[in-house]
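Presented below are the structures under discussion, each in the form of structure tokens.
Both complexes shown next keep chain A, but they swap its partner, so chain B is in the first and chain C is in the second.
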Partner chain A sequence: MGSITFIEHSGDQHAVEIEEGKSLMQIAMDNGVPGVDADCGGECACGTCHVIVDANWTSKTGNVTEEETLMLDMTPEKADTSRLSCQITTTEAMDGMVVRLPEFQM
Partner chain B sequence: MTKQCIIIGASHAAAQLAPSLRQEGWDGDIIIIGDEPYLPYHRPPLSKSFLAGEKTAEGLAIRPAAFYEKNSIQFRQGRVTAINRSTQTLTLSDGQEQSYDKLALCMGSRVRKVSLPGSELEGVHYLRDITDVEGIKAHVEKDKHVVIIGGGYIGLEAASALRKLGMNVVVLEMAERILQRVTAPELSEFYTRIHTEEGVHIHTGIAVSEITGETHTEKVICADGTEFPVDLVIVGVGILPNIELAVEAGIEVDNGIIVDEFCRTNDANIVAAGDCTNHFNKIYNRRIRLESVPNASEQGKSAAASICGVSKEYKSLPWFWSDQYNLKLQIAGLSLGYDQISIRGDKLAGRSFAAFYFKDGQLISVDCVNRPQEFMLSKKIIAEKLSIMPAQLADETIEIKELMKLSSQH
Partner chain C sequence: MNILSPAIEKGTELLSPALEKGAEILSPAIEKGAALVPIHLQIKGAHVFQKVKKTIIKGKPIPVFIETPLPDVETLAIEDIDVSSPFLYKQNRWQSYFKRLRDECPVHYQKSSPFGPFWSVTRYEDIMFVDKHHDLFSAEPIISLGGRPDGLAIETFIAMDPPKHDLQRQAVQDVVAPKNLKEMESLIRSRAEDVLDNLPTDVPFDWVQNVSIELTSRMLATLFNFPYEERHKLAYWSDVAASSPETTGGTGSTDEIFTVAATAAKKFSELWRTREAEKAAGKELGFDLISLLLSNENTKDMIDRPMEFMGNIALLLVGGNDTTRNSMTSGIHALNQFPDEFIKLKDNPSLIPNMVSEIIRWQTPLAYMRRVAKEDVELNGQTIKKGDKVVMWYASGNRDERAIDQPDQFMIDRKNARKHLSFGFGVHRCMGNRLAEMQLRILWEELLKRFENIEVVDDPQYVQSNFVRGYTQLMVKLTAKKS
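Right, the complex of A and B next:
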């Protein structure tokens, strides 16, 4: 089983197991990764599951929808590879992927 | 002896409070007592994707069983019938006692029931938990007739989901307009238009007097004599906070369990979080009771911290969302008491606009329909009490990012 590493703003790392088909947000919640709030439970409604995907992995994380882009655009800590983790479906191809968490979820 | 923290209610608040206790360093037992046969689950999808058949009951779980096991969070199915503060014990409906060192009240709310003749007939359902929706689903069939009593968010979301499944949908609202209790006339008018375009029949200013049928519901009869044939009736007329246990135990209650900004009640060993609480909100300078998932989660964090002797102030801006058809409504803040409204976009045509509510020149709330950027902008302006002019928000030639800059300059 592959894993994905979440790095908190403080530098703390959390390697979590991939469960194919679940969203990146859900596996963060399932493993209690601090810093992913996911207020709306994965409806792309709140913008509180913001992650910054390591630039080497963006080809694996799928397309960004327009709605997601609009939400992310207004997020203060937005980076070029920012995503809402509820909109990324995890696959084994993401084994070894690293994502960073912003200091604050909006 | 190992200390025990008992959480009453396997709710959204509990699903956050329990793991937050571990994060704050609680090393005693954690036991969640709930009366449903499920781990805490997401309730908002019940009237949306779960009713529409796009999500399964398993898919609603907030966290999996393995997570709770790993964090030594136990579940006990049962109903608490009394909180005995002097002995720090709980009495359960099966007669057993459960002692506690710390207690968290996360009882949530329950549906307001109606006492109409015929409301006990088969085919009449409320909508609050998984069992309710499974009951509703048993009657869902294309071209059959459903009457929804109550034109609030739950009723309208159910209308949207059932319309998608091909049912004939009628919504009956007693007030002069749908969503009257929660939003402005502009929004009511907009949602009336959308539902009408989608083929839902909305009737306002109408009172139901009776539901008739042999064993199964057949007709809904209104006070003005209007009759609707029905195969299914859904009642969505609001919720009530579950406060009785607290009242009987002498915990301070006033339209919800009274908590301070750290989610503490008037008993040093008891905290409370979520729908069943009433807190003083500094942004609005008044006491409020919220029916909201983000509130339950955030209060869960503060309550857990308080149990562990850490001060984590609850000071989040209330926000809500509602999905109907292809519309995503995002609401930030509370519009109650607004004296000015400003609209960005065309609410009379199309399906995208934002309504901003002002009081004494200050933005206090926003309703955004398919306008995520206006939502994000407003959250910031309201929470930080930044200044912005109603006319600036209404002017679509000014881009959102420019509005963000304008509001931050003061």
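Right, the complex of A and C next:
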């Protein structure tokens, strides 16, 4: 069983087990990763499950839709590899992936 | 764009020759734009023009709202239910009215309200659908049930669709970016301490005036880098801006609204010119709203687009004022209605952040946002026609039993308390949500340090509006904590 590591803005790390087919947001919530709010519950409608994917892993996390880009543009902390974790479906191919959390979920 | 032209466009075909002559005299000056005619004079000009127009031709009548007791919703036929009444919240009828709509007709058409025909969307999931689909539902030209006063067609990004919306919002969103929030935290706390330390104990006083308005005015003065000693004007201007009867069913008058708009325009234009001069002199710009607008390529000339300039000022004023103010009051009200929750809070102050979300859900300080269908849309069994007004009643969705467990209960330890509609969802989601939450959190942290009890001693007085769910007065008595 593979794992994905969330790194909080403070530097604290949380390695969580991949559950194939679940969204990255959902496994963060299920494992109580701090710093992910997910106010809209996975509708790509609030921007509060923002993560910054390690640049080496962006080929594994799928495409960004126009809707997701619109929501990401609303956060001042947007980076080149920013994603909404509710829009990433986890697979075993993400074993070892690292994602960073922003300072604030806006 | 200048502000007189829409009125002139609408008016000229109907106008008497004398007025047409007037329009001819006015228009060359207007075409040269704001560079020559200061905004406040343009607004004054529009006001005079509207007055003349109203006496000569029959314009759109402004609805007059005289309060009478609303009937029990069970006595009404479903098609006669009109949730646009500005007295629904004031008379505490809103829960029963919306519950009936949610249960019997969740997407409901009211064909003859004082604000014209409109659809009400009342269930959580349907509201989420509408809010997410800006491709199907436009936020233009305005997000209130009624229109803007004639001649004051202000433009704001809350009422713009992508892509124009995105550019304008991005220009100002840094005012509430993490860097600013961190800088603001200690300032907000010291002000809360100052206000709370000066409150009387053991005697009744009005929480709205002495705490909620005072704290939000101070915050607004900071956001705008507005003269601190004149901060109370900001709250007053905001109240008047949101009070137009044709827009929200409020108690404002056209004269008052135009007067305030002209006064505010003058003041904010001066503020803009001051910052602009500082910028030209090489001074580093701050992180207040006007400095941010001045330093962004898309908005640095906004002063030359008066309706856009005033629109953005009004948006941030109203957005930062009524919402936080009324949440500051409603927390007190809610804990008095649910005293066990107050005990729970005192036993466990770490519940404050969760309680803040619960307050914002429970109060839902803005009742709704309005959209216009861009095409025919099927929603929950109804066909909304292209061009129809659609109102997403957040206040109803936040009490939807289908989405929220025991929604009428105020529970400070509610699970998933953040899952509420008060901030909206999608591209128009509230920009100031984190700032608002921070202000409320700090207020409650400081309250618990000082007071053993906060007792509501009289019935609250409410705002007349179908949009703002607010308090005009809440009399309370404080008991100091034994040291």
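Observations on the model:
Here is the rule we use: the second predicted complex is superposed on the first by the 106 of 106 C-alpha atoms of A that agree within 3 Å, B and C clash if a C-alpha of one lies under 4 Å from a C-alpha of the other, contacts with A are read in each partner's own complex, and residues count from 1 in each chain.
Definition applied: a contact is a pair of C-beta atoms (placed from the backbone, for glycine too) under 8 Å apart; a residue touches a chain by one contact, two chains touch by 3 or more.
The shown structure was predicted, so the numbers you read here are calculated from the model rather than taken from an experiment.
Considered on the superposed chain A, chain B and chain C are sterically incompatible, since they clash. In the superposed model, A:34 makes contact with chain B only, not with chain C.
Within the superposed three-chain model, A:106 lies in touch with chain B and with chain C [touch as defined at top].
Once the two complexes are overlaid on the shared chain, A:62 sits clear of chain B and of chain C alike.
By the document's definition of touching, both partners, chain B and chain C, reach A:47.
Once the two complexes are overlaid on the shared chain, A:77 sits against chain C while remaining clear of chain B.
Of all the stretches 45-53, 261-269, 279-287 or 315-323 given for chain C, the clashing one with respect to chain B is 315-323. Residues 37, 39-41, 43-47, 67, 70-71, 73-74, 106 of chain A are contacted both by chain B in one complex and by chain C in the other. Chain A meets chain C in the complex at residues 37, 39-41, 43-48, 67, 70-71, 73-74, 76-77, 102-104, 106. Contact residues of chain A toward chain B in the complex are 29-32, 34, 37, 39-41, 43-47, 67, 70-71, 73-75, 106.
Interface of chain B with chain A (complex): residues 19, 22-23, 42, 44-45, 62-64, 66-67, 71, 293-294, 297, 319, 321, 323, 328, 330, 372-373, 376-377, 379-380, 400-401, 404.
Residues of chain C touching chain A in their complex: 128, 131-132, 162, 166, 169-170, 173-174, 176-178, 181, 418-419, 423, 425-427, 429, 431, 433-434.
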